[in-house]
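One chain, chain A, appears in both complexes that follow, with chain B as partner in the first and chain C in the second.
Up next is the complex of A and B:
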């Protein structure tokens, strides 16, 4: 008598499977992409989808085991699929349970740059009226440590935060004092152009392990054109500052972000080459946002989402080719989406969260004590729109701020799982609700998704990623590395 | 396409057999095309009637958009079938996911 059953004992009973919740979208060439409850995906031919839904799929078909392994179908007696999907759902939403991680301190609205597309509507005059005070910072720190999150990130924003560095110093020292009792995983970031960086500032950053997030828009001519300042030397100041900061703090302590101005559109390869020239290991190909000076100077209207997608696709394809040649370089927006597509983790990027990350994942303390649900919310405020002001540090308590109608209504009304079109969209698990963007464009936090540039942008990028994975196995391997970074 | 009949060319009218495509599927398909097609849905003699016009600026793609709208009807009907069939599983997954959250009533 054999100790083992024959193989046919393990083959599923024909037709005895049930569907698990999934959504689908059409792709090119009669393909459809299916996404399950937590964003795992499979690409099938349309005919095959019909076969699946009509329960005509044979257990010997290779699609059968693929769909079963990714929880699109389950056999009648199989209870593990439901439990696994439940666990993955919980993991995917664990960020919500932790509540606010990122706390932005707008320490000054003053800036030495006058960028055409600036989303912050900077104040360039030397006015102390646009600096945060110690009293306001104290109130903000009280709110910061009310967050239940075991990890707290304090990010100093501007204007140019180094113009009020005394306050940065004050907040860092005070936060660390409080943290001696709180014992959180506390991290600091200064968002700076590096134009005003000094050895003294860098010594302080080194002592307190402060990261620097900077801006590089591309080659010298493009960068200086996008980022005018007295002396027209923004680029050379960035390069000098980057070198100094790396020497003092280490290579990984400084990162850079770019913004796509109208002048950038034909130069994506030059921009990427510039990042490589400075040994930066990735780039975030960012579009313009409809706030602040980007609106006043009509920069935002200078290109539409289709043109940006063309720019993005050219850039991504170039980066993939570089990776194939052995150059390790990441496009960070793709990396965020791919993390959502290939893992159960949510990277916690505010734009790609549902419910919206505004207020929940990040909160902004403006220089004047007003509290906003996100960085974009305070950008709107500088345009006179206080819709997303959720309180004031001097007059409102923690409870009042985080249960304010302004916050709760925005989260509730923009929830994608109850939004027209989003609720049936296969890309929803990878997307976000973005109430502030939709409010800025449509005047309501939901907007009409078929007309939404946000929706078109996410769909455009996702479709390109899926198409590349379908047609280029090497690109898929590269993407999986981006999604599963150690 | 079964269940669909053309009756006019100018403002295009589509008559839809509600036994094949339900109102919800038609509404959802119409919403997805809101940036390209203006679709007014009425019910006449037990049939759903869609009056379809091009959104200004999209006229030259009208035929293509209507063809895609018809494909979308099929997709929406299929989505509805999957959604209805998987509702108990969806509820069970959510119940399991939040089983330790202390949020159950």
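Up next is the complex of A and C:
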């Protein structure tokens, strides 16, 4: 007799496994996706799922092995799997412990552009009315450094922040002074169209390692149509500014974002090609938000989520083809979702966080000293809705702001693990609670999920990603690369 | 292949058996007298033999006048690789073993042959005997090994069977060889005991890594390969405890018929659950020890798992996990594995096959284990021309 035991000695008896918590959702072709608490997933045929749940799954079945190693089922003696699930859950939520990282300073609402879909900007000569003052900025900085987060990002927003660059300069220098003692990992970003960039501004950015986040909506005609300014030269100013900024600050210091206007819908390939032309290594195919002028000018109603999904799918498929041809190019929205699907880390994107990232992951200091839970919250305010105003720099303390009812109720009431339908949704681990959007549409932070365009959009994108992975192994490989980019 | 242990030709007779003795060798005839007492002189050349050394080793065929016959041991030609600063162990019954070779970067000290796993492919089949004299010997060897040594390994058996004594040895090594990076091979199960992991971490060795095998993401397969029920669970919890206390961990996977199919899923498992490990080593099978007894259930031509190997490397590197592919001939892996490919087989057991003669890339290739050359290797190897 051999002194070695055969494999069957280590195989469990039939039906002796336990189910760990998981949810499932139907896909195409009788496929079902199962997700566990931390967003790991397995795709099975429907009848295989029945076997699993009814404990008919044979311990020698390949699916048994897969489900056990991915923590959907366990044997009685498996203790490491529980420990690992706990560890992954803690990892997934570890950014909550660090609290606020991103601090947005709305330094001016004034802007040289008058984009039809813009949520907030003002064409105003009245500097005093829509610019942040040094006094307000000082108060904001006091709040910034109360955040326990070892990494602090200060992002200058507008309007066009370069129209109040003196204040940007003031905040950067002041923040760095404070940081001599605080020793945080401090980063600055200016969100700008680049239309007003000058050598002097770039010198300052270089000296203080400031990143620039810009906008490019597509080819020249589309970009200029979406982003009107006096002289109709938004595009050429962007192109010049991009080149200058890259020369001075380096390739990695400048990025661009696009917004999908109604005129973009038929032109996703043109838009992506435009990004390629400018040597950008990725694009964020963004939908329009139902805020600000987007609502007033009816841009938001000009297309529904189904039409946007069509646009998105066409764009994503094109980008995957580009990658297959050897061009490394990323779609950033997919990359955020894929990071949640393939890793235990949370990329910290406000729309896709639970509890919501509003007020936790990011906070907004408006030009007038009001504090908002997110960028979208202050856009709502420009429509007259102050629901997500969580305080004012001149009248409230740090404690009052971050324990305000406005914030806590929104976080509490929108929490997906207790939200009707979210709790049953297989995509919940990859999704977020988005209280601001639901409030804007439904008047309460929960909303009605079957009618929610947010749900439809996320679910539509996730389904497309899953179906692509199922049918195209090369796409799956590309997706795994994207997952680890955030 | 070098003969690491064997018998001497003639040993000096000692009156009282003292157990094995360690000697640090010197070939320096001009060594200051003050240092000679601590060294044994290795007679490699037919020159005048210096006096004053504690012992002499005389290599067969070296023609010279022996100065201290009472204290001289004659060695066969198989030991002509012995050199200056090497450490050897000589037992009363005339068995000699190389403990440390100064000119090698592959020095490992065997601490025990006992183990609580019984792996199908174990290259050092475990024995249930008290061999704690090996541990004692290791304590002494550490004092004799040159302090400029770059790398040293502890291996078994399962070194942690000694419990606290093993941890003491790690501390002792930190004290005597503070600049040597230390690598321990363990099945990791002992570290499932949080207290043990904590005590190990408490040594605060500046450059210590433990290499722990995980053979499959499926506990059943892992337990079968190591022939121990519940081993997977303990090993994983051991790894978690080690990382909890900030210790460096390498995951080692031996590829064979029982493990290759699950390799991509194992890569997924590591990426998803053990992202914080310091490196992952994917290793070819060594034809020695138990492997020979279980060859039918273990052997698979590496060319047949090329694709699984590529996929695993791709997954692990996507997650930025430092990955190394060991013990594979270069011609049996896909080019996408090259970035992770390491020329790795310990120098004393590394050879090439006859087919490799005309190959132009031998200097990049890891070659074969000597045991593979003797006991069968892939028939798919193909020289690069």
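Basically, the second predicted complex is superposed on the first by the 475 of 486 C-alpha atoms of A that agree within 3 Å, B and C clash if a C-alpha of one lies under 4 Å from a C-alpha of the other, contacts with A are read in each partner's own complex, and residues count from 1 in each chain.
To be clear about the criterion, contacts are C-beta pairs under 8 Å (C-beta built on N, C-alpha and C of every residue); 3 or more make two chains touch, one makes a residue touch a chain.
Model, not experiment: these values are computed from the prediction.
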Label the relationship between chain B and chain C on chain A in the superposed model as either fit or clash. fit
In the overlaid three-chain picture, which partner chain does A:182 touch, first (chain B) or second (chain C), both, or neither? neither
Scan A:22 for contacts with chain B and chain C and give back first, second, both or neither. first
Identify the partner contact of A:4: answer first if only chain B is touched, second if only chain C is, both if each is, neither if none is. second
Using the touch definition from the top, say if A:344 reaches chain B (first), chain C (second), both or neither. second
Looking at A:80, would you say it contacts chain B, chain C, both, or neither? Reply first, second, both or neither. second
Have a look at where A:37 lands relative to chain B and chain C in the superposition and call it first, second, both or neither. first
Angle at chain A between chain B and chain C: what is it in degrees to the nearest 10, using CA centres? 100
Partner chain in contact with A:484 - chain B first, chain C second, else both or neither: second
When the two structures are overlaid on chain A, which partner does A:68 contact: first (chain B), second (chain C), both, or neither? second
After superposing the two complexes, find the smallest distance in angstrom between C-alpha atoms of chain B and C-alpha atoms of chain C. 12
Both partners, chain B and chain C, contact chain A at residues 83, 87
Within their complex, state which residues of chain A touch chain C. 3-7, 9-12, 40, 59, 65-66, 68-70, 75, 77-80, 83-84, 87-88, 342-344, 477, 480-481, 483-484
Mind pulling up the chain B residues that touch chain A in the complex? 28, 31-36, 71, 75-76, 78-79, 81-83, 85-86, 89-90, 92-101
Residues of chain C that touch chain A when the two form their complex: 118, 120, 217-221, 223-224, 227, 229-230, 232-233, 236-237, 240, 258, 262, 265, 269, 271-273, 275, 290, 293-294, 314-315, 318-320
Chain B partner contacts - residues on chain A that touch it in the complex: 18-24, 26, 37, 49-50, 53, 74, 82-83, 85-87, 89-90, 93, 97, 420-421, 424, 448, 450-451
